[in-house]
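Structure record follows, encoded as structure tokens.
As written, the chains take the letters A, B, C and D, and residue 1 is the first residue of each chain.
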Amino acid sequence: MGRIALHNIRKAYGAVEVLKGIDLSINEGELVVFVGPSGCGKSTLLRMISGLDRPTGGTIEIDGQDVTRRSAADRGLAMVFQSYALYPHMTVWQNMAFGLQNTRMPKAEIAERIADAARLLEIEPLLDRRPGQLSGGQRQRVAIGRAIVRRPTAFLLDEPLSNLDAELRVSMRAELTALHSRLGATMIHVTHDQVEAMTMADRIVVLRAGRVEQVDTPLNLYNVPNNLFVAGFIGAPGMNLWPATPETKGSFLLEGGTKLELPHLDLAGPVTFGLRPQHLRLDENGPLTAKVTLVEALGAESVVHAELEGGVRLLAVLPGQPDLALRSQIRFAFDPAALHVFDAQGQRVKTG
Amino acid sequence: MKKTVTAFTLGLSLLASTAMAGDVRMMWYSDGVEGEVMKDLLARFHAQNPDINVILDEVAYKVVQEQLQIQLEAGSGPDIARVTNIKTLAPHWLNLTPYLSDPDYWRTNFGAYADWMREDGSDAITGFMTQLTLTGGFANKTLFEQAGVAMPGAGATWDDWVNASAEVAKSQGTAAAFAIDRSGHRISGPNASYGANYIAADGMPAPMDAGSKAFAEKLVGWVADGKMLKDTWVAASGSTYRAAADDFINAAIPFYYSGSWQIANLSSKIGTGFDWVAIGSPCGTVACSGLAGGAALVAVKYTKNPEDVAKVMEFLGSEEIVKEFSERTLFLPAHAGVVTKGGLKWDTKDPNVGAALDKFVSAATEVAPAAAALPSWKWASAYYGALVNRISQVMAGELTLDDAYTKIDSDIAEQVAAAK
Amino acid sequence: MKPLASILGAVIAAPLGWIAGLAEAPLRLWQRLTGKGGMIAFFLLPNMAIFGVFVLFPLIINIVYSTTSGSALFLSDRDFVGLGQYERLLRCDDYTNTLTCQEDQFWTAVKNTAVFVVVQVGLLISIATATALILNREIMGRSFWRAMFFFPVLLSPVVVGLIWRWILDRNGALNAALVGVGLDPVNWLLERGWAFAATIGITIWAHLGFYALILLAGLQAIPRDLYEAAEMDGTPPGRVFWRITLPLLMPNLLVVIVLSLIRAVQVFDEAYVLTGGGPGTATLYLTQYIYEVGFASLLKNPGLASAASILMGGVLIVLTLVQLGLSNRNEKKGKQK
Amino acid sequence: MTRAWAFLSRRRAGSNWDWTDIVTFVWLGAGLFIVFGPALWLVLSSLKSPAQLSEFPPTLMPYEARSVIVAGYENPLPLYKVTDDAGTRTLAEVRRVGTVAQMVDPADPGTIQKINIANRTPERDIGFSWSNYTDPFLKFDFLNYTKNSVFVTTMATLITLLTNSMAAFALSKYEFRGRGFVIVLIVATLMIPLSVILVPLYSIISGVGLINSLWGVILPTVATPTGVFLLRQYMLTIPYELLEAARMDHASEWQIYWRIVLPLTAPALAVLAIFSVVWRWNDFLWPLIVLSRQEVYTLQVGLNAYAGELNVQWHYLLAMTVMTMVPVVLVFIFLQRFITAGIAGSGLK
């Protein structure tokens, strides 16, 4: 229970196409995260699945059944809204019971389900309160509780953590993941925060401008990004991306003038090199010479901002607390195998 | 949409209360105690005719003036109504003749006023006057005595009265010398005394003549020199009616020109405060005329049970009931039999009342022909309205008299044109 | 007070809830059958039907009326005259002198109403703003004072007119008080200026609380730290008012201005009961003119009244649309997403 | 006392008195007088006898003449204070002839004294003419009028709240073709006064047979666009996500309206309810036109019946005016919290 399949989903508001043909299949029990910059269509896609909006084209299947024309209530899904959308005039208990009462569920079962959910989420003392009397985190739990009691085939979570403060967000993230493994239910989680996506997801769907850019596990996305967009979007701090042109075989000129000798690469035409900041190390003989502009010492590691020749920016994450003077010239080396290469269209180039 | 509206309407009509057969609805307004008296009389009628249920709807005078006409035009309204605007609404009245057991009784006793309440040229019997009124003056005898001013005697002119009152006012420090109700009807008797005639040879309104202008000029002059109480006329616009009775009752004016209907009111409110007398109408250049009028009880032709209506009317129009009604309400009766027999026992202890009523009865003989024609004249209301409206604008300093005359003529012409 | 209100609420809500529960099943079926469109129709129809029959339809008939003449009240008995009534209303020989107009009292009413609107709205807004500023201070019993100014709003216009006529009459309480302190009584309702002022005064008296509350709501929405910042800058109070309070109060102020303008154009009940349009025609306002011409006088002219009312209605609709535009602008400004 | 004064004069930041404080106290004090003075005057006047009502100068309190039973006279005689050459004394009046009153000393009933009426003033006590209040209930059917008024007010308010909130819900929470047009229509007619459509409305009401029916009074008023406008403005502030949550919760559209939106609109509904009660209770012109049968009179119309062609029975009119004010005053006392908070909070714009 809980397989969701999307076939060529399109959505247009007038002439503006927001979703441009999305195919996706989500497995039972999976926690899938939709991630992408704002305006990429991730929330729209979620609303298509929920049934709150209808797609202009394509079909949605849940457990093999076509539900495209079915109303939201009849899809057996539950949703947690960004603002939680708790009914302000009802107590926590009533909020959780409302949906169940609407399906004419026996009272005893309602009470039992709410009690279970309340225990699970540790909100038992709050059942008689109204949303206005709860803190942000508590409201978050109640919103999840309201979804849990429905025993849905899948949970849809629309940026549920974005209204929490940083600390709470981290702990709720962990709790949600734990909850997922305990319930074993399918979950679709929408966020614009790639850290959230990385830490929580079984699989991540990266969306941009109404298209799916890549669907994969978090680590695969990190290690093997399919294109420039995914490469730049996933990972913090972001990947160094340097446009370059080949001079001769195995020799490349970076924008700004730095020369790189990469004998194992035989490429024609302009490319973009990608290198994660973690893969740079200090080396007096390294091929990259850069001027330090800023050092953010975080204790365990330091983030070094530097400029290559011609002002091209370089970001490196170095272990420990290296003693680097501002405006000093330092040199970096890297393992050529860690280098990502993208062609002029931004697609990944296989490098063996 | 139309269907919806119809269904909707149908539903609503079920909710609306509907009149039962055998019901006779009477729309009635009161100035004093006449509502209670009527209630009493109708209870007696019901005891004699248990199958006829008369429902008395006591309304404000405004309702009779404003809403009744619309109801009548819609073909609805009460079965019987007490109205003052009798002539204008005459097309809506029911001819009772076929339903009356003795039409000749009505012709004999109410015939004198029958023309007031039927269309020109008709010989229908539509109802009777519940009250006959005559405009006339009242004087505060106590104030005159205290001031040592003699009240002008018989034949005294308007100027005599106003000047004498002014002397009283000066000596006693009252607000003004005299007041006249803000009403075109009230000044039409005096106008006639100065020779005014509103009716042209063809029966249509004539332009303002010298008679009307003469009295209008006097009125404006009296307001200007403070002899006439400014409040009544100047304080409102349009053809709004305003009475100055309270000022007379409060002894703020020694002389007040209104009419016979004030007697009960004055008696109950003045009590023993001072002595007052009715003086009839002061004289103009050609007469000493007041203006007759009154309220009529008429049957409405849209009634569903005219026989019952006729029975009610016959009961109320019978000689002994008319007499009792008049005695208890202190109204002048319009019933020829009652008037000729006389001997009404006015239901009051106030010595001022009997004398005043007697004075009005005798003053009725002095009504000038031009004034006597007005109550049965179709366009009287138009004339009255224009007079009040414009003369009060002159008093307020908004118009000159000459402008007012022009405006009065054009106002009346427009009203005639608008009414086709 | 709160428990009482909630008990009252429960007593009223319980049976209503039961009825609403009964409606649930058939409505769910209706929703299944007709979808969203059917539900929209269901929600809109009761109100729009009543609105259509009792507001819109009469408005349309009124336009037809204005093109007919005669004293008959029912359309079928009336003669079509096209724009004749408008021509009669608007024609003057000399537009600088209302006396030369065919309907001189219409023009008098227009002129009176115009002056009334300008003076009354100006005064009302200033006094309401001042009152709101005062009520926004930290004074003891603030909720009492707030409610106090609101009290007259609850009275019927007829009662308001009656009360004040009773007071301003030549023999009224005010003159008694003046005589009592040895001053000469004034004939308030007979002096043109005083009578005019009285109609303005009592309409302000009757409406002040309503507008003051709207403005107070606006004042309370102004963040406190703005005033604290101004105090840190040593801004003088007058400047604080003109540069902080007034601009931030503007949305509410606009609402109040437009609402009070519309109400002022319609002035009738209170003034009619108080002065009856006098002295002379000094306080004859447009609505009274319409009422008298079309309804109150013995010889009614509904066509002329309709024409006048449509001219006035046009002005009112322009004013309301201005308000719609203004409040829409505010709405857009404050819209989320 | 000093503490009370200190509390009263407590001001922001505890700084010194300045002119704004003086303005505040003057304005509030004047307001107290101007607002409640007239109402109080009305109440006091309503307890005066007809004769006393037309007196000038009017007295603040209602008085009634003091009278005394004097041996040898059947009826009680009114007492006067007489001041003349013989000094000041209290005498009872037997009768008056012109400017001369025949009076007796109650202690010496045998001797008639002749007194010029200018030299005497009536002896009066504070006394209330309660008959101004009781008569209308005995002689006129004021109880029935009250019942009709209550019926009109309740039904009109309930229907107003229901239909207006339903329409406001549709106009604020659904997108559909013609919505903008409906809204403009409603706003455009928002401020059309009754007098503008008086005549055609009357012919419609008469056409559907609702003359002299309380429904003829109720229906035209419940359609006023004001309520729709006010409620819609408020509903616009209810987040759309709440409705979606309810839809996910299997709620039907009716349930969303009834269980979610309506409870959340409570403040605005309260304001509308209060206004509707006050407006309908105070309605005058329209009921006056529609109702001309006594059994369907509302209070305001019944009140008007005291105005005759020639005379107005002020004593009844004033007393019944006070009676009709009672519910309004109750609304004021019990709900003033809601009124002030509701208007401030309901975004009444």
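We adopt the following convention: contacts are C-beta pairs under 8 Å (C-beta built on N, C-alpha and C of every residue); 3 or more make two chains touch, one makes a residue touch a chain.
The structure presented is a predicted model; accordingly, all values stated were derived computationally and were not measured.
Student: Touching both chain B and chain C, which chains are there?
Tutor: Common contact partners of chain B and chain C, which must touch each of the two, are D.
Student: Out of curiosity, which chains are bumping into both chain B and chain D?
Tutor: Where chain B and chain D share a partner, that partner set is C.
Student: Of all the chains, which has the CA centre nearest the overall CA centre?
Tutor: The chain sitting closest to the overall C-alpha centre is C.
Student: Count the touching C-beta pairs: is C-D or A-D ahead?
Tutor: Most C-beta pairs in contact, of the two: C-D.
Student: Averaging only over C-alpha atoms, locate the centres of chain A and chain C and give their separation in whole Å.
Tutor: 56
Student: If you average the Cα atoms of chain C and of chain D to get two centres, how far apart are those centres in Å?
Tutor: Roughly 18 Å separates the two chain centres.
Student: Could you state the distance in Å from the CA-based centre of chain A to that of chain D?
Tutor: 64
Student: Please compute the C-alpha centroid of chain A, do the same for chain B, then give the distance between them in whole Å.
Tutor: Those two chain centres are 91 Å apart.
Student: Got the chain A residues that touch at least 2 other chains?
Tutor: Residue numbers touching two or more other chains: none in chain A.
Student: Can you list every residue of chain D that touches 2 or more other chains, as numbers and ranges?
Tutor: Only 54-56, 202-203, 219, 252, 255 qualify.
Student: Listing for chain C: what residues touch at least two other chains?
Tutor: 53, 73-74, 170-171, 295
Student: State which pairs of chains touch, listing all of them.
Tutor: By the stated definition, chains touch in these pairs: A-D, B-C, B-D, C-D.
Student: Provide the residue numbers of chain D that touch chain C in the complex, in ascending order.
Tutor: 7-8, 10-12, 20, 23-24, 27-28, 31-32, 34-36, 38-39, 41-42, 45, 54-58, 162-164, 166-167, 169-171, 174, 176, 182, 184-193, 195-204, 219-220, 222-225, 228, 233, 236, 252-255, 257-258, 278, 281-285, 300, 317-318, 321, 324-325, 328-329, 331-332, 334-340, 343-345, 348-349
Student: Okay, in this complex, where on chain C does chain D touch?
Tutor: Where chain C meets chain D, its residues are 1, 4-5, 20, 23-24, 27-28, 31, 36-37, 39-40, 42-44, 46-48, 50-51, 53-59, 61-62, 65, 73-75, 130-131, 134, 137-140, 143, 145-152, 154-159, 162-164, 166-167, 170-173, 175-176, 179-180, 205, 210, 213-214, 216-217, 220, 237, 251-252, 255, 262-263, 266, 268-269, 287, 290-291, 294-295, 302, 305-306, 309-310, 312-313, 316-317, 319-321, 323-324, 327, 330-331.
Student: What residues of chain B sit close enough to touch chain D in their complex?
Tutor: 9, 12-13, 15-17, 25, 27, 29-32, 36, 55-64, 66-68, 70-71, 74, 76-78, 84, 141-142, 145-146, 241, 243, 245-246, 249-250, 252, 258, 261-262, 265, 268-273, 275, 295
Student: For a test of understanding, state which residues of chain C touch chain B in their complex under the given definition.
Tutor: Interface residues on the chain C side: 49, 52-53, 69-74, 77, 79, 99, 104-105, 108, 170-171, 187, 189-190, 192, 195, 275-284, 288, 292, 295-301, 303-304.
Student: How about chain A: which of its residues touch chain D in the complex?
Tutor: Against chain D, chain A makes touches at 50, 52, 71-73, 77-79, 81-83, 85-89, 98-99, 102-103, 146, 150.
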